[in-house]
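You will see two complexes here that share chain A, one where it goes with chain B and one where it goes with chain C.
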Partner chain A sequence: MTMGKVLYYTLVDLARNRSVLAFAALLFVVAEGLFLVEGEAIKAVLSLVQVVLALVPLVALVFTVVYTYGAQEFTQLLAVQPIGRSAILGGRMLALGLSFLVALLFGLGLPLTVHAPGGTSLVLLVAAVLLAWVFLALGTLIALVNRDKARGVGTALAAWAGAVLVYDALLMALLFAFSDRPVEPFVLPVAALNPIDLARIAVTIQVDLAAMMGYSGAVYKKLLGSGPGIGAALAFMLLWVAWPTVLAFRVFRSKDL
Partner chain B sequence: MTRRGILRRPAAWALAMGLAVPAAATTWTVSPKGPHTKLRTVLSTAAANDSIRVLAGTYAEGALVIDRPLTLLGVGAPVIDGGQQGHVLVITAPNVTVKGFVITGTLVSNIHDNAGIHVDGGDDVKLLDNELRNCFFALHLVNTKRALITGNRILGDPATPETRRANGIHMWRCADAVIRGNRAEHHRDGIYFEFVTGSRIEDNLCRGNLRYGLHFMFSHRNDYAGNEFVDNGAGVAVMFSHSIRMTGNRFMHNRGGSAYGLLLKEINDSEVRDNSFTDNTTGLMVDGCNRVRAEGNSFRSNGWALRLFSNATGCTIAGNSFIGNTFDVSTNGDLMLNTLAANYWDRHLGYDLDRDGHGDVPYRPVGFFALLVERIPYAIIFSRSLFVTLLDQAERVIPSLTPDALKDDRPLMRPPHG
Partner chain C sequence: MDSITFKGVGKRYRKLWALRDVDAGFHTGEVVMVIGPNGSGKTTFIKCLLGLVRPTSGAIHVNGERIGDDPAYRHRIGYMPQISQFPPALTIGQLLDMMRDVRGLAPERTDDGLVEDLGLSTQLQKRLGTLSGGTMQKVSAVLAFRSAPDILVMDEPTAGLDPLSARTVLGRAAAVRERGGTVLITSHLMEEVEALADRVAYLQDGTLRFLLPLREILARTGTDRLSAALPLMLADPR
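Let's turn to the complex of A and B:
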């Protein structure tokens, strides 16, 4: 009950804040623009993949961190009331998660269903929502661990760059170094450890990767198109949502506010 | 040849010379209701240059041989069923016409090239508007000049495994053939040529063949125009030939590990003009070719639009449009003795201050990632990663790995054709 109240008031606050609304509008404009410019819908979806994979984690991460710091006084106020700390954090994270969900459904889901209804669009939308949640959880954890706001935002940006750029760069360097060894079977699983890469591969393999990868492409496509494969990918993404969330709760429970 | 055969032939000729000079040719009618019910009997008694009308019905008489110039006209699509004994129809004489039949029942064999219609030394043969249903080889021509093959429907069974399939139109040591408006589906190769020269292949459709839609080797001075090659296992592969013209063909949906819209290997002094390459794993692959001109082609939505290997020399790639491909151009080495000129590239972001329709600075279509994937194929899973996109842009601005000559000095600002 108390968590419901925290959820409700955070949602009201987020609605008043309008940042999430602006994010939804931005996504909507970008998506509509791409569908307008690209002749074929599937090409627009592929361009959208790149935008979504970079933008959604960045916005989710930075907004969560900034919002968490901004809500510090409100948190202190709540903490002196007879409300459990889990309810405070749970309510806020749920509110953030819900508003990202709505923002993505409107900003991304609407253009996708209008211009390119189908499996690929669905995969992209689900991937975007899960990515938003992953980076919401990570952002909450980062903001709770770092007392200093500048440090927190810095860490968040570093985490984003790490996931979106550095991880791929390192992996490609390794690939290059070990190119004369049979490392092919490991490339996809290791790449998929990174939620952004997993999301990217899950979408692109539906469209253009499979045919260009020879046999392993066909295998991957079968894998990521089958029930157990999709289940495993979803489970892995949810794991990425779960572990920062669990850690955040542990930190928050004993944190000196 | 049996004793009877040897004896019968001079007799027939004597008959034709002596008696039938005023009435030049007889028309025979074969039908299940008579007057003649057996095609085999008529084929062995008809004189040279006679016509045989075959009415609707099924003629299951084993392998039939046409050994003199005859015209066979199917009326109402009569079926000739070979009953799995070998070839169905064998033509060994010149000037034979076979029109409007349904031919089926070839024996599948690992030793003999059994065919629906097998032509050996049948110059000026005309195979028109027949349907070849589930044949092993469908049309199999050897040592034949000036064959005319039009309007045939060559339909294999999609469920047949590769070991039990052979080619749709197979030609060996033929010359000056015209192959027009045929369909070849679900065979091993749709059209296969070896040692075929001076022929014209136009407006055919090759679809769903397990291996190649069109496959030829050592076949010089041939024209391929307006054909469509769709959904074939490995697309089209042409090798070891010179003076080939391929114009206005459509290469589509040939996808798979090593599938090509069009693979040119060791092709010299040839032209690839105004074709469209759409949705293939590799659109056009140029391997070890000399002086091939690729002009006015349109490459859309391919994995690799053009793979230009560095063992190709003197090739010209001009006036083509590259739109929506994952990679526009890829190569495998540092050497580049070919020319890219005045193509349209959808990734080109240059400017045209003098308004002559060409970009003012050279465009380099080979990205870093394309080279990386050429070297490590499975690096393809990094496709569309932000890091890769940034690297590609960096390589375009400051080229360090791509061959210096691989650039388009006058990139078009607009696609040449729509």
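Let's turn to the complex of A and C:
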């Protein structure tokens, strides 16, 4: 019950803040623009995949980190009331998660439904929402662990860069180094180490474009099949939502405010 | 009767002990003035009681129950922090409504007399982000008193308040004592709070040097003011 109240008032605050609204509008404009420019709907969807994979994690991560630091005083104010720590954190994370969901439904879901209804759009939307939640959970954890804001933002950006740039390079190096051995079974867990790659795998298996699937996507499809491959990728993403969330609650429960 | 007891309470931040082995009991119907130099552990002491900070060692009991994960004991506590920061986009009125809702306080059981007394009733539409430091302190005072708390904790309550408002707030604190509450006040400005204090707790480097009735301190040192008595006490606390 108290968690519901924290959720409600955080939602009110987020609505006033307008940043999430601006993000939804930006996505909407980009999506509509792509559908306008590209002749074929599927081409626009594929361009949109790239935009989502780059933009959604970054925005969700940075916004969550900045918001968490900004809410420090409010958190203190709540923490001296008869409210448990879990209710405070749970309410705030739910509010952020809900507003990301609404932003993506509007900014991404609406254009997709209008211009390219179908399985690909659905998988892309689900993957985008999961990506936002993964980086919401990671951002919360990072902001709770680092007392210093500059360090927290830096860590968040490093984590994002790691997922986008470093990880690909490492995977490539790994594949190259073990190119004479059967590495395929190992690709499943190794790809699961990067939530952004998981989102890409899920969407590209659905599209079934070998050119975009990449090596890890191809392995997922080959070893698991299309449906289970997508399912596995999305399930791994859920794990990526779960573990930082569990850790964040554990940290927050005994954190000095 | 003790409403709050500290047993061997210590708090370590990394290598620094901000609070060390504090044993103390605070009674119902008294005002205790908590003093000490900057960095002596006053705020950590208060934060431990409020559950903002987890003690590294020891236990704190409020009304006989050890405080831990269960936040229910805070229903009885009113807290006025040293510095208040509120969500800047909210108005004073919205904040008051929200905090009442969050606390689960029924409107008819909410004591908002201070809103009137501190001259805030005409400013309820003002956004919190636009308020002066003094006005923020007034809002903070209203929040501390409105649930008619048994335990009132105030961290430098008079800092930033004009003398008239400070007197109003301290008068309210005295009323909490009259109806059997426990009041803890940290303060640098001794005279104002001294007039109210029943006992004085002195913290230094995280250690409780003494916790004694003000009258006894004055009698023992042969002075009539705490500011004069303090150096003598510190030279010979026994």
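We take it that the second predicted complex is superposed on the first by the 224 of 257 C-alpha atoms of A that agree within 3 Å, B and C clash if a C-alpha of one lies under 4 Å from a C-alpha of the other, contacts with A are read in each partner's own complex, and residues count from 1 in each chain.
Following the convention adopted for this analysis, a residue touches a chain if its C-beta (ideal position, glycine included) is under 8 Å from a C-beta of that chain, and two chains touch if they have at least 3 such contacts.
What you see is a predicted model, and the numbers here were worked out from it, not measured in a lab.
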{"item": "Superposition-derived comparison: chain B or chain C, residues of chain A touched", "value": "B"}
{"item": "Which superposed partner A:Asp148 touches (first chain B, second chain C, both, neither)", "value": "neither"}
{"item": "Chain B versus chain C as contact partner of A:Phe176, first or second or both or neither", "value": "first"}
{"item": "Which superposed partner A:Asp256 touches (first chain B, second chain C, both, neither)", "value": "second"}
{"item": "Partner chain(s) touched by A:Gly84 [first = chain B, second = chain C, both, neither]", "value": "second"}
{"item": "Chain C-touching residues of chain A, taken from the complex the two chains share", "value": "2, 5-6, 9, 13, 16-17, 73-74, 76-85, 253-254, 256-257"}
{"item": "Complex interface listing, chain A residues touching chain B", "value": "38-40, 43, 46, 49-50, 53-54, 164-165, 168-169, 171-172, 175-176, 179, 184, 187-188, 191, 197, 200-201, 204, 208-209, 211-218, 220"}
{"item": "Footprint of chain A on chain B - complex, ascending", "value": "255-259, 281, 301, 303-304, 324, 326, 372, 375-390"}
{"item": "Contact footprint of chain A on chain C as seen in their complex", "value": "13, 47, 50-54, 69-75, 77, 79, 81, 84-87, 89, 98-99, 101-104"}
